[in-house]
Structure formats: structure tokens, C-alpha cells
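Each in C-alpha cells, the structures are laid out below.
In the two complexes that follow, subunit A is the common piece, with subunit B as its partner first and subunit C second.
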Partner chain A sequence: MSQENILKIENLVMHFGGIKALNDVTFDIKRGSVSALIGPNGAGKTTVFNCITGFYKATGGNIMLSANGKETSVIKVLGEAFRLTDFFSPIAFFQRLKYKMFGGSHLVNRAGLSRTFQNIRLFKEMSVVENLLVAQHMRVNRNLLGGILNTKAYKQAESDALERAFYWLGVVDLVDFANRLAGELSYGQQRRLEIARAMCTNPEIVCLDEPAAGLNPSETEALTKMIRVLRDEHNTTVLLIEHDMGMVMDISDYIVVLDHGEVIAEGGPDDIKTNPKVIAAYLGAEEGEEMTL
Partner chain B sequence: MSQTAGMNYKQCFIDAVVAALMALVVFGPIMGIVLDGYKFDIDFQRVGWIVSIVFVGRLFMSYYFQTAKGQAMLFKYANNHDGVTVNPPNHKSKMIWVIPLVMVIGFLIPFIASKYILTVLILGLIYVLLGLGLNIVVGLAGLLDLGFVGFYAIGAYSLALGYENLGLGFWSMLPIAAIAAAFAGAILGFPVLRMHGDYLAIVTLGFGEIIRLILTNWVSLTHGPNGISAPLPTFFGLEFKRRSAHGETFHEFFNLPYDSGYKYMFVYLVLFAVVWAVLFIKHRLVKMPIGRAWEALREDEIACRSLGLNHVLVKLSAFMLGASTAGLAGVFFATYQGFVSPSSFTFFESALILAIVVLGGMGSTLGVVIAAFCLTVLPEMLREVAEYRVLLFGILMVVMMIWKPRGLVRVTRNGFAAREGVIK
Partner chain C sequence: MDIVLQQLVNGLTLGSVYGLIAIGYTMVYGIIGMINFAHGDVYMVSAYLTAISIALLTFFGVESFPFIIFGALVFTIVITGAYGWVIERVAYRPLRNSSRLSVLISAIGMSLILQNYVQLSQGPNQQGVPTLITGAFRFHIGDGYVQITYMKVLILLIALAGMGILTYIIQKTKLGRMCRATQQDRKMASILGIDTDKVISSVFVIGSAMAALAGVLVTLDYGAFDFYIGFIMGIKAFTAAVLGGIGSLPGAMLGGLILGLSESLFAGLVSSDYKDVFSFSLLVLILIIRPSGLLGKPAVEKV
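== the complex of A and B ==
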């Protein structure tokens, strides 16, 4: 697509009661980039993530996702309150009603954005392959009669889904564990499986929430390679939250730094490394003091 | 094992005394005091027997678990909690031999068995259907539904009311009742399926009671607590009555002497076929995308949403399919009894169906079939001790929770053969 930015976040505000988790966050994510969202604990990184992926309904602002050849407003598909003007235009009214009744975060995924979770959320009592098959739910043959009668079209769709599942198992190096229960895998394997599962929904942008948390240095290295594969071979945009600065600086094309619910800096890794505001936020130094990360 | 070096007799004795005291507290008032008009007699002997049996039993149990054999047994069961296993890809189920055998035996039974056995088996099969329906909702989709009996009632009353008001018979009402129950499931489900766990359980509990109260109080339509009669199935238009107002009856057509057993034979055979059809559909459903989506939803709803599954529609489909199965069961119940009244659809029925699913193993088809027969056929066989039925039921549940907390039959998952990965 022609548009340069896959994700545009404008003036995002999120309040939980009296707590202002995000005030006025604005940034863009370029198509085909690896971008990172960093910041000290409690800066609001995961809140931004949950707003983008539709798990929180933002209090204000706008999130536009341009993937799968169309523009999607993340806030709109979650279902907004009716406005006075809706009562004069039936089309707008029914559209809003539709999103209110059937809308939700699943529509964000269908629009081409998938995510992983900070605390791994696999289907623990299902096998590894089944985890990946569930992720392809929107792409397989869901016709009830076809499935019960085991028609040719159904078998073909299932076989295609299995092939895709094994492809992604190959990418994350889990083919040997295909028939194990997901809950039996080691921590690092579960993290990789979650990324494979997110990729099985065929997204244009994948949001990884602390993918390297709890991994040892060699596993982090492998993860870095995998993220490059996602970007280079599958044209997937990657947005990640990460605390491992070495990894962030290594793979990111673009970094957004959050603190106290506000964007304090954005730019390439080299700019961020020397930005005094970022250093102050991380190390609590007084502004103007010379320090390096 | 090293602990077995010294047998701890003191511990055995203490365990046994504690168990005996508890038995005294529980059974003392229940069995020791016998009402006699306005007075009561105290029966020490019965209580004494029960308490001494418990004492001796516990003594032996404590002793046994201190021997090496007992220790090994305890160890085995303590490590038996990993319920789910994945079969290897080329796994061949032994069921391939069992299923045709059961089918043939089941088909031949009505021609051999007495009318009484047949009615018990019909009841067992009805509960198999109910168990399979609830197994979709509770076992696969993980939605705790305490008002399942409501859909059963809708199925049963559909047949009776359809016959009375619209003149529709068994065969036309069979699919209509399933659809009506599914529709009721959708109406209940849409607003409440955004809730989870305990909240959902309470709302569905309320739904079951609402249905029963409507059936009791809407006297002009349902005849209230008096109930209504339900029609028998017909065999290509032939009725199973002694004489019919319209046309020939079954025994006249085939020149047989009249026997009231024919109708049970026919109901049994139709029900048997329907149960196999439902079993087959269930077997396919768990392998299909929708079955996988149900199980994924049980495992983690938030992850499901992040993968593009509309959780409300997935839950709704489970609810509707489960309800339609209960509707089918209701039709058979009504036609087998020839009569329906609200008193057949109390909360106890819901609890019994839930017990079938829990006992059989959540999500296990075979387990549910076995458990349904255990819980309906066993009480019939134990008619002599009918007074202690609920007690036995409780003991069974406690024993199950200790030895087999995940149900009678272990849940297994299908493996997939590794293949070349291709992305298109």
C-alpha cells in the first residue's frame, strides 16, 4: 500500500478512574519497520499496547490502523457511545449499533494486527499444533455441514492450515514438539510458540509485549534473528515493548520512549541513547547532568 | 521406602477413632433415632454396627497405606493429575472394535429384553443425550450451565404443545423442538454470555427456574402442574395404540397380537439411532474449527480474542448446539412418558446432568456415556437400597474427587503427523 505509516496514534488518552495512565500520546509506526516502545516501569507501555490492540477502550484520541488494504479506526470497532447526530442518519446509527453488539478486540486482529502477551497466554491443555490451528480460525473452512460430512473442500482447507502451522513451527524451531501440550513446553519455547501463533493470523503488524522477558542471552539472540526474519521475509511490521536495552538498540529502527504517560523522546537508537531526557527518566538524574546509557 | 521401617500403630488407631467419631456424628441422628408416631425410639444397634464398620475399615486403610504396596499406590495416585495426553499421530483407537459390537448388541437388545429393562435403557439413553449436550457447553466451551434442564423442558413441552395446538406429531416435532431449544439458548445466551464463571452459573440457574415457573403458572397454555399428554411416535403413519381413531394400528397392519412393549421397542430403536448420530456429530465437531475454538475459549478467552475469534459468537454456538441436543432429549422423554409436567424439570435434574459430565470427565465423550448409564441405570438396579441413593451418590462423588479428579476417562488429544511446512 502507498501509505507510509501502518499505525497512527494521535492524542491517545487513557484514564482509569482518577488515574491518568496516558495523557496525549502521539506517534506513528512506519510500515516494514521494527519499532520499540520503552520506558521505566509504570510508564504506560502496556496500556498503550492494550489500547492499540483493542483490549482497553481509550478515553480519548484516535488510533488508525491501515492494513489489509483498508483503514480501520481501532476505537470505532470497539463500539462507541451513540451521538446525537446518529439519530438523524440511519447508516451511522446501524453501524455504531453493529459495532456495539458484535464489535471488540477480535475485529482489530481481523484488521491485520496481532499481539502476544507479557504473561504468556497459550491454550495450555491443547497441543502445540492445535494452538496454531486455532489462530487460523478465520482462514479455514468453518462450514458446519462441510466439516461433519468431511467434504473435499473442508479437507483441503484443514490440510492447508496444517501446512501453514508446520511452516511457522519450523520458523520458531518447534517442529519436534508439535504433538506436545503447550503447557508442557519450557518457558522460552512457550514464548516462541506465542509469536508463531500470533503470526498464524496473517497479520501485517505484530505487537510483542516483552518477548525477551525471562530468556537467557542465547535465546535472546535467537529471538532477535527471528524478529528480523519476520520483518525481512514476511514484510511484517514489528512493534515491541522490551526492557533488554541491548536487544532494543540492536534491532530497532525506531524507538518511542514513554514516561508518566507521555512520549518524552522518539527517534533512531543513536538519538535515544544520547537523549538527556531518556537518561533522566531511566536513571532519575537531574536534567542537564551528563550521563550515557 | 524408608518410612515403612516402623509401622506407626498409634497413628492408625487415632485415624480410626477420628473416623468412627465422625461416623457417629453423621449417622447417629440419621439412623439412631427412629420416628414412631409422635414418639421416637432410639436404635443403638444400627448405629453401633455402622460406627464399628467405619472404625475397622479406617484401621485397615491406615495399616494398608503404611505398607510398601499401599505407599506405591498412594504415590501413583498423587502423581496422576496430568489428565490430558496427546496421542501419537498414527494412533489407532481400540474403539474401532468396540463400537460395532456395542451397536449390534444395542440393536438386538429390544428383541430380547423385557419391557422393564427397555424403559430403564431408554432413560439411560436420554441421559446420554443430555450429558453429551451439556458436555459441549461445560466440558468443551467451559461455560458452567446450571439451568440446562430448561432446554430439556422446552424440548419436552414443544412436543406436547405442538401436538395439542398444531396437531404436529413426533416426527415433525423432533427437529422443530431441537430448533426451538437452540433458539431459546440463543435468546438466553446473547445477553449473558459476556459474563464468566460464577456469574454465568447463577444466571443460567435462574433461567432453568424461570422456565419451570412459566410452565407451572401459564395454566391456559401448559395446563400448569397438571401437565399435558404427549404423542407416541408413529411407524410410517401406523400408531402404537390398541385401536386408533384414524386408520390402522401397528399390530393390526402386521397381524400381530397387541403388546404395549412395541412402542417402547420403537422408541428405543429411534433413540438409539439418534444417540449414535449425535455421537458421530460430536466426534466430528471436536476435530473441526468450531470445536477447537470452543476448547481454546475454555483455556483462555483473552487469547482467543487476540486471535480474531468473536468470543460471544463462539460461546453462543456452543450454547445453541448444547441446547438443541437437550431439546432432542426432551422430545424422547415426553414421548416415552406419554405425559409431561413441570415437576420433571427441577434443579435436581440439572445437578444430575452436571454430575454426569463431571463424573465422566470434562470433554470426554466415552466418559459421559459411561457416567450417564452409571447414574441412571445403577439406581434402578439398587432399588432395595433406594433410601440410601443420595448417600451413595455423595460417596461416589467424594471417591471420584479423590481418585479420579479429572473424571472416569482420560481426555486424549489427536496428534498430527509432521509434514512439510508451506506458506501461501
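== the complex of A and C ==
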């Protein structure tokens, strides 16, 4: 039980049929840090994200998330196959049975982790504010009868949720668009809305998959500021995948470099910039700026 | 003139019943992209449950119709909803990540199981319930008159109320928001902490409850039913759902009304033998012009 590391990934393996996307990936993420996961295309960065967030069920290894005051094994809550030893230990058996029946990626989010996607996945036919409300349903009184009868507690919960939604709209500068359909927003606005939605689930760690992809330089700068706000004002740990090396080096406290499904280097920005293995992996790129593949 | 009005009224009630059942098809399709072929048989089960509840209520000495109708509605909706939940849990959830074809076969199997189970347990003969509400409004128009039975008025009112409550749930409540989110992107919804399995279960319960509403109303009106009524009613309601654009809730209601109206108008004015030919030709025509149905959204490949 380490309070210092919010996320511990040990010997993570992910196979798709015969393809070994991840081969024994091990790294830790410190609480309250901004960490980056980089690597050439096809290195397995997004696969790591998908395993961490419960989008995929990892083939092997261990992912421990220590948030909301408890330790959660991401692979366990997705529901594992029974093992022979379970039949001798009723507690382990029932726990596995419980997660097999009621487990799923929603439990990873409830444990305090949320994410955004490389290709934006907003609910395009819902309004901007509804996209944020739907992310908060776990906190709010979700009694259907209360909703139909419009009880006082329900109204209060709804107005709290709205307030929080507008707070985050303010942070990402989208208040004026609250009642537009999410699909009508511009690309940059959709990216920001996705981050706001991820934050509305009140996570302790948020995983951003290429948040700066397709943004212009001034938007990228605004994003960098916003990520700092997340860390400094909301005590949220940020883990991001990014190809914009300028931004990565600028913002990250810690960088993990992946290549061919393995961690080839990890450390602070300065260590990574000069690491010969990293430079080799990026096809001989010499300076940080040219490493944008 | 009077016959047109009469058939309009009949078509409206018939259409609202189709619409209620079509809701089940369209919601399930919207959320998990499968056609629940057992839905028509859920409707059939609710007809039997209506008879059972009326028998039980009269056995316990409840005599007045409002209580009998209310009791039958509650009893049937609750038990049919439970049927919907069990069907999803047993026949569809284990196949959640397999190909659509296997779920389709599973649905057809479920439909056959329900039919045969009811046939075995309740007997193959036609059953009936006594007419509880008699009497009608009569409006004289010219030489003829239009007759609207009290039962038809009740069907229309309850069906509209059911649709209204459902629309409110889907548009305004938290469950509705979760349903819509799951419908648009199930994986993303679960990453936001929504238990999508629970949402899917509740969609099945809601769809079955709507079919139960239709089942109670039709059974009280027609009186007779057998274990096979689910098939034709299911096909009609499915047609209504496709007509309105499958996956769209208002589409299902609109499709039901159009189907019911066209069927009864054609039957009254031209020929009742060819009414199904007419309504299905109408379906073909509409699908040629609008392949995704009246209110459906054209299927766009995700890129």
C-alpha cells in the first residue's frame, strides 16, 4: 500500500491473438504529478491507456489504482476467469463471481479514474451541459421515483449537478455554448468539453489521450495552462499521451517512453531528452523538437 | 362520412396500441442494436397475466371496475417487466459481445420458448375475459352515427399517458439521460461510470412494461386471446417501429399511429381482406423513399 504512487503498473501484458501489443510494461505514476507516456507510432501507448481504464481486459500483469482512499485492482473488477484455487476459498470465489456478474469498466471510473479519447467520443446528440450532467450521475441522488415525482432532494441534487457542470464549463471556457448540441461544436471546443466531462466524474487521476492533437499553437498553450490548473487547483494527477514534444517537455514532471510494447526509458524531461535509446527509437531524431512523429 | 370518422377512431386506438409495443422494439434496437423477436410474445404473456389478475381480483372479492382495471394494470406491468428482465439476463446478456446473428437466433429461441411454455401451462385453446366496460358515446352525423366505446376512449387515454410518462422519463430524468448516453456510445458511457448492463436491463423492463400496458388494454377490449397472438402483433409493431425509423422513440409512436390508421381506413373503405397488403405496401413505399424510416437518422459509418 503506497500512498505516494496513485497508479502502479506491473508486468502488464496485452496480446491480440498472436500480436503482442504490450510485453511486460512496468511503471508507477506519482500522486499529484503530470506524467507523459510517449513513444513512436504503434509503440502501445493507447493500449496501455485502454488497459488502465478498463477499456480492454489485459492479458496479464497487474494494475493497482490507489484512489478514493482504497486500492482497486483494475483487472480484477473487470471480471476474471475462475482459477482452481478459488474453489477452495469461498471468499475469493464469491468476489470473483461478484465481479464476473456485476463488474465492468464503470467500476474503474467509480474508483477514481477517468479518461478522454484520441478520437473524440462525446455524446454528439446531447447538449453540452447534458454531456456533463450524465457524467455526474454517480454523485447525484439517482432515484427514478424521485425524478418522476420531482422531490425536493432530487431537485437539490439536480441543481448541484448543474452548478458543477457550469463550473467546469467556465474552466474550459464553453459557458456560452451550454445548450448547443455537442456535435455542433468546433474541434477544439469538443476537445475541451471532453476534458470537462472527464473531470465531472470527480477523478483523482485523469488520462488524456493526445489532448493537443489537431489544436493550433495558441489552443495548445491554453490546454497546457488548463492541465496545470487540474493539477494545482484540483489535486488531480494527470497522465497524458502526446506527440507534441514541446508541450510534453514543458509540462511533464515525469516521462515514460514506450517502444514495441516495452518501457525503454523513464525519468524527468531532461533525462529523456538526452537518452540515447529514446533518440534511437525516434529514428535518429536529434533534438526534442524534431521528435514529433 | 360517418364510416371514415368511425375508422379514424378505430385506427387511432389500434395505432396507439401498435405504438406502445413498437416502443419496446425501438428502444432495444437503439441501445444494443438487436431486434428482440421475443417482444411480441412478451405482449402475449401480458394478455394471459391480465386474465389471471382479473380472476385473482374477483376471487378476492374486488367488484368495481376501476379497481379491477387498476389492479390488473399494476399486476401485469410488474410481472411482465420481470419477464423482460429475465429474458435479457438469460438470453441476451451472455451473448453481449458475440455476433449479432447469435443474439438474433437466441431471440427467436426465446420467442419459441415463451409460446410453447404458455401453450403447455395454459392450454392451446383460445381463452377469454369477460367484458368489464360496456357502453359507448354515439354521435349522429347525417344518416349514420359514429360510435366510440368507453373502452376505446380508455385505451387511447392510457396509451397516450403511457407514452407521455415514457417521453418524460427519457428526456428529463437521470435514467433517461443514462439511456441516451448508453445508446450513443455504450463503451464511453461505462467509462464515465455508468453501469451499462443495468441501463440495458432497465430498457428491457420499460419496453416490456409498455407491451404489458398494450396487452391489458387490448385484452380488456377484445376479450379473446391465445398463445399465438404475440406473433402477428409483434410483426405489426415491428413494422411500425421500422416505419417510424427504428431506434427513434417518437418514430415508434408515429409509425404505430400511421400503421393503425392506414390499416383501419383501408379496411373500412376498400376491403378488409387486403388491409395487411395495403399497410405492408405502404411500408415498402416509405422505405424506398426514406430508407431509415420517417424519423430515423440515416446510418453513417463511424470514421
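In the analysis below, the second predicted complex is superposed on the first by the 281 of 293 C-alpha atoms of A that agree within 3 Å, B and C clash if a C-alpha of one lies under 4 Å from a C-alpha of the other, contacts with A are read in each partner's own complex, and residues count from 1 in each chain.
FYI, a contact is a pair of C-beta atoms (placed from the backbone, for glycine too) under 8 Å apart; a residue touches a chain by one contact, two chains touch by 3 or more.
These numbers come from a predicted model, not from an experiment.
Participant: So, on subunit A, is it clash or fit between subunit B and subunit C?
Facilitator: Here the two partners, once superposed via subunit A, clash with each other.
Participant: Have a look at where A:Ser218 lands relative to subunit B and subunit C in the superposition and call it first, second, both or neither.
Facilitator: Neither partner.
Participant: If you count the residues of subunit A that each partner touches, which comes out higher, subunit B or subunit C?
Facilitator: The partner making contact with more of subunit A's residues is B.
Participant: Taking the superposition on A as described, I'd like to know which of subunit B and subunit C A:Ser127 touches: first, second, both or neither.
Facilitator: A:Ser127 sits against subunit B, while subunit C stays out of touch.
Participant: Output check: A:Val175 vs subunit B and subunit C. Expected answer is one of first, second, both, neither. What do you get?
Facilitator: A:Val175: touches subunit B, not subunit C.
Participant: Could you say whether A:Ala135 touches subunit B, subunit C, both of them, or neither, answering first, second, both or neither?
Facilitator: Touch partners of A:Ala135: subunit B and subunit C.
Participant: Go through the superposed model and pick first if A:Arg115 touches only subunit B, second if only subunit C, both, or neither.
Facilitator: both
Participant: Figure out whether A:Thr85 sits in contact with subunit B (first) or subunit C (second), or with both, or with neither.
Facilitator: neither
Participant: Looking at the overlay, does A:Asn41 come into contact with subunit B only (first), subunit C only (second), both, or neither?
Facilitator: A:Asn41 contacts neither subunit B nor subunit C.
Participant: Per the contact definition in the header, classify A:Asp160: touching subunit B only (first), subunit C only (second), both, or neither.
Facilitator: First partner only.
Participant: Have a look at 9-17, 45-53, 225-233 or 243-251 and say which bit of subunit B overlaps subunit C after the superposition.
Facilitator: The segment of subunit B occupying space taken by subunit C is 225-233.
Participant: Could you tell me which stretches of subunit A are touched by subunit B in one complex and by subunit C in the other?
Facilitator: 53, 55, 102, 104-106, 109-110, 114-115, 117, 121, 123-126, 130, 133-135, 137-138, 140, 142, 144, 147-148, 197, 201
Participant: Taking the touch rule as given, give the residues of subunit B at its contact with subunit A in the complex, in rising order.
Facilitator: So the residues of subunit B in touch with subunit A come to 84, 86, 88-89, 280-281, 284-285, 287-290, 292-293, 295-296, 299-300, 302-313, 413, 415-416, 418-424.
Participant: Per the contact definition, I'd like the list of subunit A residues that touch subunit B in the complex.
Facilitator: Contact set of subunit A toward subunit B: 53, 55, 102, 104-106, 109-110, 114-115, 117, 121-127, 129-131, 133-135, 137-138, 140-142, 144, 147-148, 150, 160, 162-170, 175, 178-181, 197-198, 201.
Participant: Under the definition above, what is the set of subunit C residues touching subunit A in their complex?
Facilitator: Going by the criterion above, the answer is residues 165, 168-169, 172-175, 177-178, 180-181, 184-185, 187-197.
Participant: Can you name the residues of subunit A that touch subunit C in the complex?
Facilitator: Residues of subunit A touching subunit C: 53-55, 102, 104-106, 108-110, 114-115, 117, 121, 123-126, 130, 133-135, 137-138, 140, 142, 144, 147-148, 197, 201.
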